[in-house]
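These are the structures, in C-alpha cells.
Consider the two complexes below, in which subunit A is the common component and subunit B and subunit C are the respective partners.
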Partner chain A sequence: MLNRKLGVVDLSKGKIEIQEVSESLRKALLGGRGFNSYYLWNMVPEGIDPLSPENVLIFGAGFLTGTLAPSSGRFNVSAKSPETGFLGDTNCGGFFAPELRYAGFDRLILKGKAEKPSYIYVEDGAIEIRDAQDYWGLDTLDVQKAFRKDLGQVEMAVCGVAGENLVRYACIRTGIKNAGGRTGMGCVMGSKNIKAIVAQGTIGIEIAHPEEMLKTVEELKDYIMKSKITPILGSVGTPLLYEVSNAFGGIRTKNSQLNAWSDDFNASEVEKFVEKMISCSSCFVHCRHRNTLGGEGPEYTALGLLGSNIGMEKLEDCIKMQNQVNDLGLDVSSTGTYLAWATELFEKGLIDEKVTGGIDLSFNDFETYTKLIDMISRREGFGDILAEGQWAAEKLNDPNRDYLIAVKGLPQSDPHDVRYMKAFALGIATSSRGADHLRSRPTLEIFFKLPPDVRNKIYGAEIANNPITLDTKEHVVSWSENIFATIDCLGMCKFICHGFNSPHFVDYDWMLRLINAASGWDYTDAQLRAVGPRVIDIERLFNMKHGLTKAHDTLPKKYFDDPSPLKVAKGHHIDREEFAKALDRFYEVKGWTPQGKVKDDRIAELEAIA
Partner chain B sequence: MRIKVKLLKPFSDIAGKDEMDLDFEGENIQNALDGLCELYPNLRKELFNEKGDVDFNINIFINDKPMTAEDDTTTNLSEGDILLIFMPVAGG
Partner chain C sequence: MKYLFTYPEKCTGCRQCSISCALNKLGECNPKKGAINVLRDEFERYEIQFVCLHCEDPECVLVCMKSAITKGEDGIVRVDKEKCIGCRMCVVACPYGAITSFEGDIIKCDLCDGEPVCIKYCSTEAVVYEEENEELMDRRKELAKVILKKE
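Moving on, here comes the complex of A and B:
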C-alpha cells in the first residue's frame, strides 16, 4: 500500500530516477491531486511557457486507487496549463491508474522534452522511454487498439491528434471516453513528444488490515446502494441533469444568450442511443453509457456544450460530435464553449468570413461544426485560431473576452448557467483551475427540501436556505472545496462524495475508515480534515506564483450584466457588489488576506512539508 | 381539482409516462401527491420517507417555482397548476 514509488523521467536526458516517498508527505497530502499540486508548486519555475521543456507533467494515482475502495480508480494529471497559464489539473477515471499502481508506481513526473515521438512504458517496478513513431498520428481509440495489439492487455493514458498538434485544450484519454479533459494536459503531452503512458503490472497492493477493509467496503456499498440517488446514476447517468437544470432555466444555451433549451435532449431521448451502462475500476455505480453510434456518452456536459450551447436541435448530431471530439482528443467543455463563442461573435458581426477563412458560422450547423472540430484538431485554417482557445481573443475581436463563458481563461466545465444558483457562481469564480464545477459544486443547493438543520450541520455554519442569495454561501463553497480536494487525493469519484450528489455518501468518517484499514495508520479526523485546505492553499500559491491576482476570481461578463431571459431564472444575474462582498467573506473563511493571498505563516508551514 | 403533473426519471419510469392531467380530491399539495400515489402506488415509497413526509431528495416545482423546506404540503394549489417532480443530481 505504502511502497509504491515516484518515477521521475527526464525526457531531454533520457534519464529515469525511481524515488521513495516519505510517510510524512503521504500523511500531509495522501496522494492524487494533493501530491501533484505540491510537486508543481515546487518544481515549475515562475514565468515559464507551459509548452516549453521546463514545464513538468505529472500523472498521479490516488491514495486508495487500485484497492477495493468504491469508485477509487481515479488519477490526476497536472502541469502548468497551456490553456490558462495557471494551474493545469485534471481528474480521470477508467482502469489506467490502478494498473500504474500494480506496476509499482503512485506517480510519474515527466520533465524536459523527448527528441522524437515517444511513449513511457511502466511494468513491475521498471520505467522505459520507448519510440512511438508507429503510434504518432493516431486518434485516441486507434492508438489504444494499436498498443493492445502490440503489448497485450495494457492500460494507458494517451493524447490524440489534438494533443500532438498542440491544441491548447487537448485532453488525455483512457478507454473510449474517460477523459482527463480540463486545462489542456493532452497539449502538454504533445509538447513533450509523449503519445502515451502505458502500464502493465502484477504487483498486488498489500492492505494492512484486509478483514477490516472488506468489512468497511461491504458496509459502505450497502450504504451507497440504499441511496435513492445511486440507482438513478446507474440507470440514467448524468443526462438526467439536463432536464433538472432545464427545469428552472439553468442550461447554457447559444453561448448563454438563452438559459433553457429543447426537451429533445432529455434523458428519455438519450436512452434511445444507449447500448448499455458500464463502469470504471472498482465502481458499482456504473454511470457511463456505451452509445449506439460508436462511442461512449453523452454525459450532461456534452448534451449542453455540444448541444444547447451551440443551438443543436438534433440529439443524434450532438452525440456524433462528442464521439468525434473524444476520438480526436479534445476537451468537450472547452470545444463547445469556444465554438459557441465564435458563433455568437460571427452572428453579431464582430468577426466575418475574412477571419473565419470563408466559413459561415451559425448555431445548429452540424456540418460546419464537424468540419471545424476536425480543423481545430489539425490546426488548419480558422481551426488554427480556435485551437488557441481563450488566447485567440484578439484575433476574434473580443479582446476583453466579454462573450466568452470562462474564468481564469478556462471555459466553464459544465452546462449549468449559474445566474440563478448563486453558490454555483461563487464556486466557479474561485475554483483553482478556472470555471469548473468539479472543484466545489455545492449541489445540495438544489435540494430545496433539505431541512435547514441538516444543511447547517453539514456546512458547519448557519446557511441561508435560499439558492438565489450569495449570503453565507462562502461557507458552502469552501466546505465543498475542502472535501472534494480530499476525495481527489484518495482517488475516489465525486459521484459518491458527501455533499456532491447527496447529503449522505462518503464523508470524512468513511474516508478515515478506508485510509486506516488500507494503510495501517492511526490517522485522525483532524489530520484528514487538514488535507483539503492544505491542497487548496498549495494550488493558490502555485497560481499566485504564475501571476494570479484577486481580479481573476471573477465571472464571465454575461453572468453579471445580462439577466437570464427564461423560466424560474428569468431576471436573475450576479450583482457585482454582492459578489465582491461574498468574495471578501470567502477569503476570510479560507484564512487568506483581503487580497486573496495565502498568509506568510501558512506559507512557511506548507514549505516545511517534506 | 385538476392539475397537470410532469415527472422526470425515475418517477416517469414508475408511472409509465412523464406528463399527465391529475384529478384529485382536495386542494393542497399533499392531496395531489396522495391522488398521484393512488394512481401509481409504487411512487409512494419514492416520494415519501418512513415518517410520511416528502423525502428531502425530492424536488417539487409548482408552476416553475421550487417548493422549499419551509413550504408545507398543505399549501393550496389552483385549478390548472403544473406540478413538476424530480430528483436533483450533479455531475459532468
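Moving on, here comes the complex of A and C:
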C-alpha cells in the first residue's frame, strides 16, 4: 500500500491509537502540510496557550515521501506556534520522513504532555512512548549519535537544549543541519517533554505502477539535470542567491538599516569551506554542503541572518555561529533577526546594559554573539529575555515592534530585503505562518531576462514585467502559494518545484504523473489544482480561529517608512496606500471577503471534507 | 566483462540507486531491499555503496549448500530462488557485505542481466556500469580493501 497509518499518541494518558485514513481525505489533501493543517484546524481549541498540553504537535510525511519521486524526503511539523500564537508549521528534508513511512506511518499526532522526559519510538507498525532521561540535556548532534549507538541505524527528529528550555523559536532537527526551523516546533516538543521521534522500518512503499514510476522519474531526472540552475545548486547550494540579491541591494543588513553587504559572503567564498556536497533522501540536486568546520551549511539564510544582518565581516565566524545554532537547536532566521533587533535597539540607546545584564551589544561582535546564543538556548540572563522572541518587545523598549523585521510575530525567514521586490513583500505579508519566503517566493520576479509571455503563461495572467510595482503581483503570489502548498503536500522539495528556482521543473503535469503512477488513481488535473487553494484556506481558517485579522497581513514598519539606502534598490520602499490596494486585490484573487475572511459557503465545503 | 563500479567520494547518499533497484525488482520503494545499498552516516561524515562485485571465485558460491548460487558463463553471479532455502550462509560469507536478506529472501545484485537500472538514477555518476580495464579493477581492489577494513 502506498498509504501508511496515522498514529495518535496521548502523552498525558500514555494511550496510543493507530488509525486508517480515508481515501476521500487523501484525495482532498494528499498528505504532508495539507493534512497537518487540516488536523490542527479541527483539533486545536480556540484561545489555548501553545505551550499547554491542549496544543497538538503533528509530524506528517508527504504523499510521495520515501518513494523514487525526486527530492521526496520531506515532512511537515505543525502545531499552534509559541513564537507567533498563530499557525505553526515547518517543512524539513533529510532521511527521517522516509524512515517514518518505512516504519509504517504517514503521520503522528501528539496530544497532551508526558509526565517525564520521553521519546517516541516507531518501528514496523508499532509505536512506543519510552523514557528519555538518558537523552535529556544533550544537544541535537549528541542526542542523535546516542540514539544511533543505542538503537542502530535509526532516523530521528529531535529538539535540542533550546527546545527543552522552551525557547520560543527552538527548531526540530534531523541529521546535522536539516531543520524544521520555523515557528518554534522544537519549543512545543520541549513543552510536551518529548526529546525525539525515533524511527526504524523495513516496510516498503508499494507502488501501483512500478514501471510507470521508473519511466517518469528517469525522464524527470534528465529534465532536472539539464537545467542551468541544477549544477549550480549542486555545487554551491543556496549561497548562490546571496550574490544575486546583494547585487541590486536586496540583502538584509544590520537589521535592515542597510540593504547590501560584503562580497566576502559570495558563494565562491563559501565554496572554500565545502568538503562534499550531499543529498537528502531521493534527491538528484544535492545542495547540502558538508563544511570543513565540522558541520553542514551554510545556507543562504545563515549567510544573511547570521552574517550581513548582524554585521559579520568574517565568513568563518558566520559558519561557526550557524554550526553552534544548529547544535543547540535554534532557528537560524529567528535567532539572527532577534540578535540584530537587540543590537540596533542597544546602539540607538533604547535599551542599555541594565536590560542586557552588562552585555555591550554591537554588530560584528562574534564573541558576544556566541556567548549570547548559548545564553538564549539555556535561558540565562539576557538570553532569557531574548528567548521570548517577539514577546520580549516590552522589555526591549520597542512595544510596537517598530524595529523588528517580522510579520504576524514571525521574523522574516530569508535574507531578502523586500523593499525593492514588491511581490516578495506581498508574499511575506500574507503568508499563513508569518514572514516567510517558502510559502510564495516568486523568484521569477528577479529573473530579469525572462520573456514576458513566458511569465504570463506561468502565472496565468498579464503580469507587470517589473519587480518594483505591486500591480498584478497578487496573481504572482497566489499562484506561487498554491503550487508550493501542493508540493509540500507531496513531500517533495520546493527546489525542484516549477516557479521556485526556475521557470521549468516539476509542474502540475509532472506531479500528476507521479501521483497516478504511485497510487493507481485516475487523479485529474482539476483535482490536483484544487489541493493548494484548499490548504491555504484551511490555514487561513486556523489563523482566524486563533485571532488573526486583516491588520496582521502587513509588513515591518521599516519596509514602509525607511527607503533602502543602497544600490539599485536605493529610495525604494513599500507605499502604504499601494500596499492596501494590493491586499484588496489579493483577497479577491483568493476568493476571500474584503476583510480577508474565507466565505461561508467555502467554509461549509471545507468542513464537509472527511 | 562489464561491472558496476562505485565512487564513494561522488556518492551524495540519496539512495536513489537502492530505491530504484527495489522498485524494479520488487515493486516497492524501499532502500533496505535494494541489491545496491548505501551505508551513510552524516555524523561520521561518510557515504559508501555496497554492491556485489561478481567475484572471480565467489565465497557465496562456495558456501551455498544447495548450489543455489552460481556464476554464469556471462560472469554474473545469480541466486536460483527455487533452490535457495534462505539459510543466509552467503550473507555471512560475503566479505563485502553485498548480500542481504529479508524474511528468508536473499537480495543480491544480478546486474539486471546486463542492463542495471540503478545507474539511471544516480545524478553524480557515483555508480557506473563499464567494461573492466586494469585501472578500474585496481581501483576496485583498493576500494574493497577499505570495505574489508570497515567490516
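A few points about this structure:
Just so we're on the same page, the second predicted complex is superposed on the first by the 607 of 610 C-alpha atoms of A that agree within 3 Å, B and C clash if a C-alpha of one lies under 4 Å from a C-alpha of the other, contacts with A are read in each partner's own complex, and residues count from 1 in each chain.
Criterion: a contact is a pair of C-beta atoms (placed from the backbone, for glycine too) under 8 Å apart; a residue touches a chain by one contact, two chains touch by 3 or more.
Here the structure is a predicted model, which is why all the values come from computation and not from measurement.
Touch criterion not met for A:130: it reaches neither subunit B nor subunit C.
Of the two partner chains placed by superposition, A:395 touches none, neither subunit B nor subunit C. In the superposed pair of complexes, A:214 makes contact with subunit C only, with no contact to subunit B. By the touch criterion defined above, A:267 lies against subunit B but remains apart from subunit C after alignment on the C-alpha atoms of chain A.
Of the two partner chains, subunit C is the only one that A:284 touches; subunit B does not reach it. With both structures placed on the common chain, the touch criterion links A:573 to neither subunit B nor subunit C. Touch criterion met: A:450 reaches subunit B, while subunit C stays clear of it.
After overlaying the two complexes on the shared chain, residue contacts for A:235 are found with subunit B alone; subunit C is out of touch. No residue of subunit A contacts both subunit B in one complex and subunit C in the other.
Within the complex formed with subunit B, the residues of subunit A that make contact are 228-229, 231-233, 235-238, 240-241, 243-244, 247-248, 266-268, 287, 299-301, 333, 413-414, 437-438, 441, 443, 446-452, 454, 465-467, 494-495, 500-503, 567-568. In the complex of the two chains, the subunit B residues touching subunit A come out as 8-10, 12, 18, 46, 54-61, 64-70, 84, 86-92. Put simply, subunit A touches subunit C in their complex at residues 66-68, 70, 98, 102, 141, 144-145, 148, 175-176, 202-207, 210, 213-214, 217-218, 221, 225, 234, 275-286, 290, 296. The residues of subunit C lying in touch with subunit A in their complex are 9, 12-16, 19-20, 22-24, 26-33, 41-43, 45, 47, 102, 117, 120-121, 123-124.
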